[in-house]
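This report concerns only the one structure given below.
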Amino acid sequence: MEKETGRLEAFSDGVFAIAITLLVLELKVPQVAEHGAEPTTPALEASLLRLWPSYLALLTSFFTVLIMWVHHHIIFKLVRRADATLLFANGFLLLLVSVVPFPTAVVAEYLATPAASAACELYTTVFVGIAVAFYLVMMAAFREQTLDPEASAERVRRFRRDYKLGPPLYILAAVAARFSPMLSIGICTALWIFWAFTTGEC
Amino acid sequence: MEKETGRLEAFSDGVFAIAITLLVLELKVPQVAEHGAEPTTPALEASLLRLWPSYLALLTSFFTVLIMWVHHHIIFKLVRRADATLLFANGFLLLLVSVVPFPTAVVAEYLATPAASAACELYTTVFVGIAVAFYLVMMAAFREQTLDPEASAERVRRFRRDYKLGPPLYILAAVAARFSPMLSIGICTALWIFWAFTTGEC
Amino acid sequence: MEKETGRLEAFSDGVFAIAITLLVLELKVPQVAEHGAEPTTPALEASLLRLWPSYLALLTSFFTVLIMWVHHHIIFKLVRRADATLLFANGFLLLLVSVVPFPTAVVAEYLATPAASAACELYTTVFVGIAVAFYLVMMAAFREQTLDPEASAERVRRFRRDYKLGPPLYILAAVAARFSPMLSIGICTALWIFWAFTTGEC
Amino acid sequence: MEKETGRLEAFSDGVFAIAITLLVLELKVPQVAEHGAEPTTPALEASLLRLWPSYLALLTSFFTVLIMWVHHHIIFKLVRRADATLLFANGFLLLLVSVVPFPTAVVAEYLATPAASAACELYTTVFVGIAVAFYLVMMAAFREQTLDPEASAERVRRFRRDYKLGPPLYILAAVAARFSPMLSIGICTALWIFWAFTTGEC
């Protein structure tokens, strides 16, 4: 039975790859020449170091989206054909993935300021949305009309169980953002590292 | 009979995927530190909420372009080979699709201002152009030289009928923009939701 | 005999598609609120019309790069395998194609100013470079090591002859830029229209 | 034995192609109208020439990333299947490749200023990271689980030897940045030219 999801997967891969690469636009070249003075090497070095929230935000978003791409790939390997339901669940997921550079830029700008909580709330809310979208994509993918009949039932069952964890864990990160922005980013980081390791078992 | 449109479809997919992902660049990180004061969480939250025209514009453009991509896919499934006419009709379509982030950004900037009518006129005018381009692509695709001889005549006839509706409906949205910018965006939203459901039947 | 240029063509297509889509970033949302006054619909409409040099520059660059992509496609159809020479000729071409959004933005900014000559000189110089690069790619592609042995000799001969015209014609446009910027853009426009029609014959 | 790395290679190609094309965003349209005066052709020409650090930085980054793409291609030709280790080594490499436009923009901004050392330190440090990542990808790729059993042992051995040179050579460029920024960029340029020629032998 032929697989018909080639162009859908290629399109999704394109959106993942572009979103992940656009993250770099969030890194702004620091302006170090003050009041017409010449910029100096120590001043530029200091400015580049002060960009640490940008580096941290980029790192977290990059690997989270990369892991998502790997999971997207694994789910679609089990899909025989796409129907309208899967197409739109996937469209909702792509919308949120394509948007990731925005909350990333907001965190980069405000993580080292008193407005860090609001920035991290936005960031984690987008990822709650992505976790929900992933769950919907999986639900849409694993119906009789779309699932590859040769897919291992055990594996499908494990996905169904594991993906339920995504939304509550990101909601936890969103709640943490209110009290400790860094804890919130820390939970996001812990999550992609955790998923990276469990992916290895797939 | 071999299909020769692979590289053309892949290129078109690339333009669709990039245009859809570049929409995020329209979301500008709000600047909330006024007069050298420290930014605060309530101020940033309020600023993020005030960006609602940006979110609305992005949502409308994202799903409209996504549905278009699905339709582009469906049309080209019925095409056996591309000739120069189809190539240039498709080029005209890609030009307008690649341009979508611009009117989207204009709507995002001006929807909540007295200049909203001009912004929505630009936006809907681009989509009138896209609807015309889609009609031209379909006409070019469904000629004897290009159509897959095995394509269902009934299906081709239905496309021919349905695609005639696109341009007048977007012209309606353009006219509405003069009187009510929000109605104009509402019509655009209604259209992509409508097409999403009818796509499901294909 | 297997074709080994798939990944090279896909990579080149990616660069063409991204460069063509990044052109939209040159269209800047006009700022029409003066001195704290509310923006108005007539003011925004007037500003959008004043962007005509941006639209003209985008149109010219878009279709020129699109035609180039079509020609790139046609050349590589005749190639059996890529070697280092072809790889680097192609790399030089991709460098210049990826750079096109820059001279396009310069023309958009300065076409309606007294600095239009300098802008059009830059623009046409980049296209002289692209025409040279295309000639080099064709020369590298049509050597015994790389050419498909089944390629029609007549067709290869015609390419060899036609591609010699590219560099002198763009040099003409570059010289014209000194005297009349609009004539210079006009020659560029005439060239892509001409190539579009001759492509139809391939 | 089937090759299973198709989607991984396509995704990596996407990131390489996008990163290489985003380099153009570093070229900023010069603003030559001073104090409300009209811009003139000589002023714009002079401004465009003063952008030489941008052109040099773009050129160096473009060809370095292009050569890396070629090498990435060559390595993955020898890979039969990807496992989690290779996936994450490759993810680390893609992170650094996607980030290249940032140090490129920093060099473009500061190469002609007294802060050039800091800019070149950042630039070369990123490339030290990329050289290390490439070495890790190669190590991950050439394990028994992943290597194509038909890959030439001689060739694998030569890769193992050559790739050890990357990190120390870029560390040399990083050290040179302290004393002479131009020497540092010169070493980077020499390296991609050198790799371009040795690639030709592969």
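Think of it as A, B, C and D in the order they're written, each chain with its own count starting at 1.
Everything below uses one rule, namely that a residue touches a chain if its C-beta (ideal position, glycine included) is under 8 Å from a C-beta of that chain, and two chains touch if they have at least 3 such contacts.
Worth saying up front: this structure is predicted, and the values here are computed from it rather than measured.
Over the chains that touch one another, what is the least number of steps taking chain B to chain D?
Contact-graph shortest path, chain B to chain D, evaluates to 2.
What chains, if any, are shared contacts of chain B and chain C?
Correct list: empty, since no chain touches both.
Note the rotational component of the Cα superposition from chain A to chain D, reported as an angle of 0 to 180 degrees in steps of 5.
Resulting rotation angle: about 90 degrees.
State the chain with the largest centre-to-centre distance from chain A, centres being mean CA positions.
Between chain A and the rest, the longest centre separation is with C.
So chain C and chain D: same face meeting same face, with over half the numbers shared, or different?
Answer different: the two copies use largely distinct residue numbers here.
Would you kindly tell me how far, in whole Å, the mean C-alpha position of chain B lies from that of chain A?
25
Could you work out how far the Cα centre of chain A sits from that of chain C, in whole Å?
Centres of chain A and chain C (C-alpha means) sit 35 Å apart.
Give the residues of chain D touching no fewer than two other chains, as numbers and ranges.
In chain D, the residues touching two or more other chains are 10, 14, 18, 22, 25.
What does chain B use to touch chain A in their complex?
It is residues 9-10, 13-14, 16-18, 20-25, 27, 29-30, 32-33, 38-45, 48, 58-59, 62-63, 66, 69-70, 73, 196, 199-200 of chain B that touch chain A.
What does chain D use to touch chain A in their complex?
By the definition above, chain D touches chain A via 7, 10-11, 14-15, 18-19, 22, 25, 83-85, 87-88, 91, 94-95, 98-102, 105-106, 109-110, 113-119, 121-122.
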